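Some structures to go through are shown next.
Here come two complexes built around chain A, the first alongside chain B, the second alongside chain C.
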Partner chain A sequence: MKEKVLAILNGVKKGVDYEHATALIDDGILDSFDIISVVSDLNDEFDVDISADELEPENFNTVDAIVALIKSLQ
Partner chain B sequence: MQNSIVQWLEKTAARFQDKIAFVDEKGSYTWAQVRQKALSIASNIEKVVPGRKKPVAVYMEKSADMVITFLGIAYSGNIYTAVAPDMPPSRVEKILDVLQPSIFISTRELCGKVGSGKDIVFSGEVLCFEDITGDDVSDPNAKRYADSTLDTDLLYVLFTSGSTGTPKGVAINHRSVIDYIDWVVEEFSVTENDSFGNQAPFHFDNSVLDIYSSLKTGAELHIIPEQMYHQAPQLLQYLVDNRISTIFWVPSALSQTARSKAFETVDLTRTLKRVLFAGEVMPTKLLNTWRSHIPNATYANLYGPTEITVDCTYYIVDREFSDEEPLPIGGPMRNTEVLVLDEQNRLVTEPDQVGELCVRGSSLAAGYYNNPEKTDEAFVQNPLQTAYEEKIYRTGDLVKYNDRHELIYMSRKDFQVKHLGHRIELGEIETAVSSLDGIGACCCLYNHRKSLIVLFVEGQFTRAEINEKLAELLPRYMLPSKVVCLDSLPLNANGKIDRVKLKQDYIS
Partner chain C sequence: MSIVSLKFICFAIVLVALFFLLPKKCQWVILLLASAAFYLSFGWKSCWYILVTIISQFFLALALERRNTEMKARMDKAEGKQKKEIKKQFAKHKKWYVVLSVLINLGILIALKYADLAIGSINQRFGTTLATLDLLLPIGLSYYTFKSIGYVIDVYRGRIPAQKNIFKLALYIGYFPALVQGPIDRYEDVAEQLFAEHKFDYDRLCFGAQRMLWGYMKKLIIAERATIIINTVQYNFTTAGYEGFTILFMMFLASFRIYADFSGGMDIVIGLSEIFGIKLTENFEQPFFSTSISEYWQRWHITLGAWMRTYVFYPLSLSQSFSKLGRKCRQKLGDSYGKQIAPSLASFITFFLVGMWHGAGWAYVPFGIFNAILVASSTLLEDFYASCRTKFKIEDDSKGWHVFQVLRTFIIVTLGNYLILTKEPDMIGLIMATFSRFNPWIFVNGSLYTLGVDQKNFWVMIIFIVILMVSDFIKEKGVHIRQAIARQNIAVRWCVYLAAIFALVIFGMYGPGFDAASFIYERF
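Our next item is the complex of A and B:
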């Protein structure tokens, strides 16, 4: 799952060391437009429905947080 | 004064009896033959269902026979509608519901599909084109109504395509076509020495320019076999072999050719004089490809809805454009007024202010056939005229003026979306994407439920790759949220990108 999440992130914005980044949102690496795309791709890839309530920075700051979010929804 | 398009056929057939008129895959007709066959059709119509101003459905494969059938129906004082064999049966059914035709004219091959309990349920008279012989030319009934047709009598009803629900039959009279074609012939100096290379299906009103410019002037009309459009080199060779001087194609057809390498092997500079286009936005980059290979041709961007007889504005390309610059749609044609109205119905005249393009003039449709409610919705009183009744058609298209006071098409009113607080035009995104190197056809849609700008492109790209390049052309909030890569974008029956299908298949 982590590989797929990394592929989605790279498809949205290139040139980021996603594996080691710890504050993708807080540092402004991904902005609200990127997050819309990431959420849409995650929903399609993992057949989940990420709701507005889950659009919190802590759910998207790291790859592991994203993976955990998806697992919690599956 | 001319009151019917039949007078063009009379004059042209008298002047150019043995000159080739229409050419298709099967062969060709001279003008004398066209007139003779059209009169026979008129005579047969009058025999089976006497009277005039009746709708007649023409159910044929696209062919010279089909054009002649239209003319025969016009001779008989009746109204034609084209029904294509590849239309979905549900659509044909809806068209027949609206039209209630008294007669079907078809071919031997397709006649069997029309009737009670057949594919196309119909209880009226069915005439078979091949069974209509030329012996009835002297029949006075054939021209019984031709001379008494008024210019305000209907010539055809064409059904608008693309949208869901009940198709609307745009009813066009003789005057509308006469005024429009008179303008085309004068503006582009069309003569009997020209040859038209027709792309548009006959249920799509772009074909009206081809058919009636030919009829008025005696120019040849070549109906290009549809399969040619999938093979750019053969298509261009066809244009050379048939000495086609004028094409009026949808931009999708021109773009497909420009993206192939066909120009490298076929030289069109000595034969092709005019390249006209309308029906969707022409990507400037691909127009530039055409211009670089055929620099001496005249290029014209025409714009208009079916409701005003093919086109109402035009722009003759008179300067260089960079790949990402939008091509103007120019200004109004003769006897046409364009009003750009803002949301408060005030006239927009300043550059860069966006408004809805509204239009009036002699080529305005009589309305939607058998549909007074929709007619009243779309053809409305000019809000700037309070002294007497003056109808305008609201196109639903958003435009603005540039600094040269040329109209620039922005998008459909319903393509203007509010995305995360920003008002954006999907058409602007498409223009920018089209200008990028290595990208084929594209189409941009909006997913309102998920607030996503969805871009469809031909080829293999990631969103990151595309947006990196687009970021130089568009503000951040206009960058696509999702990129869907397809081998080829689906086209609708008119040869335009099929947005409805894309929406159905991909936007949940």
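Our next item is the complex of A and C:
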């Protein structure tokens, strides 16, 4: 799952060391448009329904947090 | 009671003394009483609106919490897909509480802020003579309304527990420093600090007082002088014949004025809160060093941007209709452009709302649209811009390109002033007058000293604008200026403090009774 999430993130914005990034949202690496693109790809890839309620920095700051969010919704 | 008045400074000194001298248990009660006193100092007639907000949000949040507890209990017993079903069922029901909260509070906001605008427009359009309501606009209306709606939505989402003590909720909604012009703090960011017990801390007192001093300097030395020049040009350009560079200079000055005015107010309230031990959310992060309009809106009025993103842009972008639109666009336009259309539209609506939030006037609609087009186009045309940079051999990380981007953004922000400084007919006139004459000599022939501020005061203003920008530049480089001053020896430290105090006393512009003009963002 982690590899797929990394592929989605790289597809939305290249050139970021996603594996080691700890504050993708807090540091402004991903902006709101990027987040919407990531969420839309995650929804399609994992057949989940990420709602606006889940769009909080702590769910998207790291790849592991994104993986944990998807698992909690599956 | 304006926060740039002698009355307010006396009020703050007495409050700080009481806050730390009385038992710590009473600290939040002191803040609540001070907030009530501050609010009532603007008159008691508008206090009903904030009371309706506090009471409605208190009971709606409690009801939502009860539903959340029931939902959790049922979900604990369920398994797999059943959990999703239960969540869906409850969400349907819970949404009505949020709808009610938004209807009540946004209803008050819209009625008070926009009813007269709508009535005026109807009268003008259809020739009717409907009477305007002339309702009194309560201080900080949109700030506390946004805070309280955010609070209910966060309880709905199960992100925070509902506050069980209505007086504590009243303190969060009506905390007086943040009441005037924000910041629009989220409940989870400040509530604990508001209700906690705080020990007196000398360093905090010094840092807080310094920040307040810096805020007063921005407001009283820069903004007050700039306002005189801006008003002179803005309201008399047709009769006095101001043209060309005079108007352009006024527009650039307006950018510095609004920044000094708004961020100065923020420094005062954040500094005062720092003395109490309460850390409010920062509202500015060197906005004039942004490299794009999108970045500018992430650094300017940060808490409004965050509120709009969390409670408008994200829900709208992920709503069923926008998701459907996104899928259709991806099929027709391909992945890279197609997936940007829906969020661009959501961004458009969000900026339209931000524009309307800035004022009850149709002139703010083009202001919102202007920003929405810039933000959406920067995303939609990203690939095109990248190919242009390659074509012209521009390196993304070169210093020259960075400086160009910063200047370009500042100029675009300044051009936006044409949309918000004037009413529609004057706006066209101002643009025409700007291009009607090429008169760069106004910068050397003394014309600028005839716009209501004499030569000496003009240069005081310019010097402090330069100081403001240099201080932002230093912060941009990651230096914490107040800590850097604190590390100096006592002689240097006190030279800096005394220089700042004397500068404020000598150069500050305040009328009789130490009352300066109100803050621009106070009206919102």
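Heads up, the rule we're going with is that the second predicted complex is superposed on the first by the 74 of 74 C-alpha atoms of A that agree within 3 Å, B and C clash if a C-alpha of one lies under 4 Å from a C-alpha of the other, contacts with A are read in each partner's own complex, and residues count from 1 in each chain.
Everything that follows uses one rule, which is that a contact is a pair of C-beta atoms (placed from the backbone, for glycine too) under 8 Å apart; a residue touches a chain by one contact, two chains touch by 3 or more.
Quantities reported herein were computed from a predicted structural model and do not represent experimental measurements.
J.: Who does A:K13 touch here: chain B (first), chain C (second), both, or neither?
T.: So A:K13 only meets chain B here.
J.: Applying the touch criterion given at the start, work out whether A:I29 contacts chain B, chain C, both or neither, answering first, second, both or neither.
T.: It touches nothing on chain B or chain C.
J.: Report for A:A21: first if it touches chain B alone, second if chain C alone, otherwise both or neither.
T.: Neither partner.
J.: Once the shared chain is lined up, is A:A65 touching chain B (first), chain C (second), both, or neither of them?
T.: So A:A65 meets neither chain B nor chain C here.
J.: Please determine whether it is chain B or chain C that touches the greater number of chain A residues.
T.: Partner touching more chain A residues in the overlay: C.
J.: Could you look at A:E56 and tell me whether it touches chain B, chain C, both or neither (first, second, both, neither)?
T.: Only chain C is touched by A:E56; chain B is not.
J.: For chain A, give the residues common to its interface with chain B and its interface with chain C.
T.: Residues 31-33, 36-37, 40, which sit in both footprints.
J.: Which stretch or stretches of chain A touch chain B in the complex?
T.: So the residues of chain A in touch with chain B come to 10-14, 31-33, 36-37, 40-41.
J.: Help me check something: in the complex, which residues belonging to chain A touch chain C?
T.: Listed in rising order, the residues of chain A that touch chain C are 28, 31-33, 35-37, 39-40, 43, 50-53, 55-56.
J.: Quick check on the complex: what are the chain B residues that touch chain A?
T.: Chain B residues touching chain A: 420, 450-452, 462-465, 468, 476-477, 479, 481-482.
J.: Of all residues in chain C, which touch chain A in the complex?
T.: 157, 159, 294, 298, 309-310, 313-315, 317-318, 323, 326, 339-340, 342-344, 346-347, 379
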